[in-house]
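Each chain gets a letter, A, B, C, D, E and F, in the order it is written, and its residues are counted from 1.
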Amino acid sequence: MSAAHSTSLRFPRLLLTGAAGGLGRELRRRLKAYCDVLRLSDIADLGAAGPGEEVMPVALENKAAVDALLKDVSAVVHLGGISTEHSFEEILPANITGTFNVYEGARRHGVKRIVFASSNHVTGFYRQDEVVGTDVPMRPDGYYGLSKAFGENLAQFYWDRYGIETVSMRIGSSFPEPRDRRMLGTWMSYDDLERLVVSSLTAPVVGHSVIYGISDNATAWYDNSKARHIGYRPQDSSERFRAAVEARQPVIDTKDAGLIHHGGGFVKQGPFDKT
Amino acid sequence: MSAAHSTSLRFPRLLLTGAAGGLGRELRRRLKAYCDVLRLSDIADLGAAGPGEEVMPVALENKAAVDALLKDVSAVVHLGGISTEHSFEEILPANITGTFNVYEGARRHGVKRIVFASSNHVTGFYRQDEVVGTDVPMRPDGYYGLSKAFGENLAQFYWDRYGIETVSMRIGSSFPEPRDRRMLGTWMSYDDLERLVVSSLTAPVVGHSVIYGISDNATAWYDNSKARHIGYRPQDSSERFRAAVEARQPVIDTKDAGLIHHGGGFVKQGPFDKT
Amino acid sequence: MSAAHSTSLRFPRLLLTGAAGGLGRELRRRLKAYCDVLRLSDIADLGAAGPGEEVMPVALENKAAVDALLKDVSAVVHLGGISTEHSFEEILPANITGTFNVYEGARRHGVKRIVFASSNHVTGFYRQDEVVGTDVPMRPDGYYGLSKAFGENLAQFYWDRYGIETVSMRIGSSFPEPRDRRMLGTWMSYDDLERLVVSSLTAPVVGHSVIYGISDNATAWYDNSKARHIGYRPQDSSERFRAAVEARQPVIDTKDAGLIHHGGGFVKQGPFDKT
Amino acid sequence: MSAAHSTSLRFPRLLLTGAAGGLGRELRRRLKAYCDVLRLSDIADLGAAGPGEEVMPVALENKAAVDALLKDVSAVVHLGGISTEHSFEEILPANITGTFNVYEGARRHGVKRIVFASSNHVTGFYRQDEVVGTDVPMRPDGYYGLSKAFGENLAQFYWDRYGIETVSMRIGSSFPEPRDRRMLGTWMSYDDLERLVVSSLTAPVVGHSVIYGISDNATAWYDNSKARHIGYRPQDSSERFRAAVEARQPVIDTKDAGLIHHGGGFVKQGPFDKT
Amino acid sequence: MSAAHSTSLRFPRLLLTGAAGGLGRELRRRLKAYCDVLRLSDIADLGAAGPGEEVMPVALENKAAVDALLKDVSAVVHLGGISTEHSFEEILPANITGTFNVYEGARRHGVKRIVFASSNHVTGFYRQDEVVGTDVPMRPDGYYGLSKAFGENLAQFYWDRYGIETVSMRIGSSFPEPRDRRMLGTWMSYDDLERLVVSSLTAPVVGHSVIYGISDNATAWYDNSKARHIGYRPQDSSERFRAAVEARQPVIDTKDAGLIHHGGGFVKQGPFDKT
Amino acid sequence: MSAAHSTSLRFPRLLLTGAAGGLGRELRRRLKAYCDVLRLSDIADLGAAGPGEEVMPVALENKAAVDALLKDVSAVVHLGGISTEHSFEEILPANITGTFNVYEGARRHGVKRIVFASSNHVTGFYRQDEVVGTDVPMRPDGYYGLSKAFGENLAQFYWDRYGIETVSMRIGSSFPEPRDRRMLGTWMSYDDLERLVVSSLTAPVVGHSVIYGISDNATAWYDNSKARHIGYRPQDSSERFRAAVEARQPVIDTKDAGLIHHGGGFVKQGPFDKT
């Protein structure tokens, strides 16, 4: 595989959290091209360390362990935590406490750049006929989205007080291909994911910047015009999947909240409260 | 002719009003690819019905006839009415009453999506050095533009109260080629017209959306960024006509209201009042 | 009654249309202070002309009669037409054709300033927790609102092409007192109505300006900050009626569209189509 | 004490959390005028229940206890939790988990309106020469501010998914008098606090609305124009304290981050991490 | 005369430039209440120094003399230069070079706050039916306005690079009373001028802030909402002069550029080029 | 060399000022394709006039000489003056007085279109993580930037009062290739410079339009969406230089003002005051 991004910058040590997840496994093999050592972490099994890899399993809610994780790191790609909707009680330690621990570790060890896997679910309650920029009020569509909103606010705070820079990527739907008509708008190819992550790592000045992570799809309800300083130029598009996707899902019920919002079915999940 | 748009969606019955007009004749042959039956209507002669066609001549101000027109229809492309500047008295029945009749018919027969041929003349009194989005205050440049403004407001109302969705296409200048320097900005090719109409018919969620109908022209004074959820990606450009057009019209008199506004000569027509 | 507005300007002849209606009767006695002759018109009975009055009954859809009405007039306060929700067929002649006739008459007779009684129903489909300015997209809540939206666009057009100035007053609820909790937001006292009308007549430069017509209510969902050049400073407030109104209507059902939108019950009226 | 707000609405049972805190004690005696029963809760001692009072001590992180708290409640004024800067580990259970528990209780028991004591520290990292509205991106100035930002996002979510309405009051500095020059801008008198809380409880339609809680101070860096539907009209001003406050603090060092931001000294607190 | 502003702050030495002009003479007697020593400068005769006064005549284009003027100064009220329209060649040394000299002197001598007499003529080419905020693009109406625009940009630059704070007061028409109907909008009483200047001197944090200098006039085309951190609350209004002014100027010719723009007659002055 | 722009328009006589500078030499050979006579001016040596050239050396502060320069000219490309940071005293005559002289000459000789070489340094004090449009408040980063800000305001004034049109090109970094990482954002190729200048000369209606002059770089902090009426479509990109530039400058110190602002090192130059 040749690198999707043309940078010549190379980091001594990158930390990738959530490296055992779907996007983590993709980025594990892709980020090697941009660093000397790739430190991998997850609570799930990561297998053996390959060449140029370090494997450090941690639970993100373990503050001491996360602190160790951040030591000697040049920059972080933080995918770790729960990546779909769960109960508040499950989301809280992994995503809220865990992300706090990552930023505290970064502060203590002098790490200056974090690429944070935020989510389209931070703004999931906008309708699909509303095109939104990166500075609209948050409208999370569940506990997962709330935890990502918390992470973005945390990133803003660590920038404002401590000068730690973050790019919060509001990732759409990064899969091999779009699964339904909503994903014709939210899809991001793995190559574009790599482009976005590497742009975010290498852009000279980002402060705390928010950007929607989608490919160059014809259909979109996101406006990244305030994030062009990051230098992300997607090269793929969901358009080649349109006919197949539409054939599978010809009808949209515009009364169905799960079909008409940015966040799709997330807006209807729960309640997770079983009492 | 191969279809300009990659959708696989197919409508049982589409209604095309104004099918005998300039754009109507273009769309008559192009829309067949996207439906089982194409119902055609106009007050002018439509010739015989071809394969997969139904021909239903009506005067749009005839409420009962229009009501029949909407029966059993999946979606509507409403081009009907007077399409250039005329007196208020001529515009009123065809464009204002007529469009009301179409929406009432849609409401009564449960039709849920209308693609409405609005016009750049809804905002024709902006200057050509003002780039406008789809949510600026309307500035119609004549009775025709006023009738299209009425139609857009009607569409918004039928969405807000009845849940009938509309894409209001503010069509620029859809001709085989741009005729003057203004049209270098407002031109839309017929292939792009087809792309826009089909995108508008097939976009999953549109509520009431407004979009300017132009090709990917280098010169433009429209900003469609709030309408990217529709999925319209123009593929043509007026640029290849630039040299010829400029040669024919080398001079622009910036004191001439008819040359410096979005709406061109429309801003100066009338008065139609002969008393 | 002493005049509510401190202007010293006096018009040779003012035309007041709709002079037999609720607001018309109020303004009939109030506007005399600001003109030599007050020409009164309505389709309903106006009684005999008092001192300084001229009575000219007309149906607004009668173009010739309206043309005569505008002769020798200094400025117009145009309240005429149907002022509540009715069927489209009833609204059309009085409000759409009628207002066109008034502007055509003004154009032909060189009248340069019109104060147009528009309505909060032009934007009636905004929710009561949305504060809107005077330049948001129109969202009419019925045929009445659509006709007022048409009137505003017409006013913009006669300004852009012919230099006839208009203040479009989006009147809230001008009654002796607010009748329900929505009117705590939309209420305008008659004294404030007089202030608004006279400000609109006498402001030096208005082009086409839009302003919401409400008193200085504590509760409001309108923002007139773009209209402060008109010089309207309301002096009354609905606050003194709060306790009584709340006692009569203690509960708001936030599922009831007719209780939560700017336009109140208008948003639910109709359909007027009886077939 | 006579009531500061003119409403005639009266709630069967109001819940006041954080009733033992500074603002809680003020509101405890003031809210009785607006309800039959005032249910009081805090983790600190609340003393004995007075007439019309119920006392229910709970720790907000105790989900079951909070659930019981919400039973049979008409509306909630949620002040509970830690109200100044502390470590993340202290803030988390009281403010983040605790507020979640309150909203879950409200959802389960059908409570439809919550007045949430948010804070100016949600936007504390704006400079004092930046005037901000209620829809600017959040810039929390510490863990306390982050927890209030979380609460606002939670409120938005419970409105979007469950239709529970919230007014998030971004309270400035509600003390008997302003203590320093920053508080000349952020001060809110207790009478105005009462006005704001009662307006928030009684406004007919609020969805999720954000409003800054300050008096009618001459100096201010907040713009509440998007929240005027709530009907809050402050009657007090910090101006009468100006001379005394300026005499005590004549000099502002514009290099001192703690003196020039909205959030004042909060922006510099911490780190709370002792390792 | 009692002070119009309630501050208790007192400056060791204030510099007032342009102290011999119309506003300078007013402020000369008013600013004494706020400082130990008032240093006065002008190119015109200032008379003898009164108690607590220092008189230092300079030509503002004399860099060395201006440098001496700034020595030992706590803050500056910079009114100096030509205050009405003149030729570019006259405006240049006094207003452009002169203001540069003042800022260079401030930088060299560590002066940290300047109150700059800018002008409504910085935005004089907006129409009187356009309400503008403090961040709209500049539209100067002549060489005088251009020089004030230069001064504002200079102030922004000295803030951005050197941390010298400025309030740029875009003064409307500060005279004993409004002279024409435009001044009903632009008038500022001398008491309000004092309030604005003292607010600008004493506001804790201003960076570079722009504010329109007008009284609380009913008619206005300025929006100071972004400048409320300065704490300026005008107490006067042009309304009591309305009847007299309107009687003197009953007619506005809306074709006359000098009557319909913010800048009034300034927009039509010149050309000053005599060749 | 073939022309980079497809226009067929040809000017009888174009004036190019600053023709001996870096961009001037590039445009000297490129503009010949678009005019019959190219009048060249500079204070530096221009060599002999080639075919179709006129050479007229002038110092821009010489009003009479500049007046002669504008005689019989169809349009102007005004690059003249000092093009990097210098002391105020050096910048003043060449850039401020000089540009005034050019506009006065244009006014006197009836020249109706000027393309003005403004600069990114007009907004140089924005940070590189702030994407700015063409209507944000100016934030010049030095005397050079101040002079260009003055030129833009002058252009606006000559349009508002005299109807002389200008495109103010805020040129980024037009060199053979980008020299550092900031220039990956600001770079404009010479071919794109030609495209921009010719678009600006030939766009039918520009009033006073501002546009940022950069190529189609992946990294950018400018938003030209309000200037698309000019018809500028860049064809080059800095991306092919990325690897080499990053290799030369791998590290950005985000504490270094000269590395993190739009204006780069300009923000730190000076003081030029030697006393």
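In the analysis below, a residue touches a chain if its C-beta (ideal position, glycine included) is under 8 Å from a C-beta of that chain, and two chains touch if they have at least 3 such contacts.
For reference, the UniProt names are A, B, C, D, E, F = NAD-dependent epimerase/dehydratase.
Everything numeric here is computed off the predicted structure, so don't read it as measured data.
Colleague: What is the graph distance from chain B to chain D, where chains are linked when they touch?
Modeller: Steps on the shortest route: 2.
Colleague: Tell me whether chain B and chain C, two copies of the same sequence, contact each other through the same residue numbers or different ones, using over half shared as the line for same.
Modeller: Both copies, chain B as well as chain C, present the same residues to each other, with over half of the numbers appearing on both sides.
Colleague: Taking the mean of the C-alpha atoms as each chain's centre, how many Å separate chain C from chain F?
Modeller: Spacing between the chain centres: roughly 51 Å.
Colleague: When the centre of a chain is set as the mean of its C-alpha atoms, what distance in Å lies between chain C and chain E?
Modeller: Distance between chain centres: 40 Å.
Colleague: At which residue positions does chain C touch at least two other chains?
Modeller: In chain C, 225 touch at least two other chains.
Colleague: May I ask you to sort the chain touch graph into line, ring, star, complete or other?
Modeller: Per interface graph, the chains form some other shape.
Colleague: Any two chains that touch count here, so list every such pair.
Modeller: A-B, A-D, A-F, B-C, B-F, C-D, C-E, D-E, E-F
Colleague: Quick one: which bits of chain E touch chain F in the complex? Just the residue numbers, please.
Modeller: 64, 67, 88, 92, 96-97, 100, 104, 107-108, 125, 135, 137-142, 145-146, 149-150, 153-154, 156-157, 160-161, 267-268, 270-271, 273, 275
Colleague: Would you mind writing out the residues of chain B in touch with chain A in their complex?
Modeller: 6-9, 112, 163, 165, 199, 202-207, 209, 225-233
Colleague: Note which residues of chain E are touching chain C in the complex, please.
Modeller: Where chain E meets chain C, its residues are 127-131, 181-182, 184-185, 218-221, 223, 225, 239, 242-244, 246-247, 250, 252, 254-255, 259-260.
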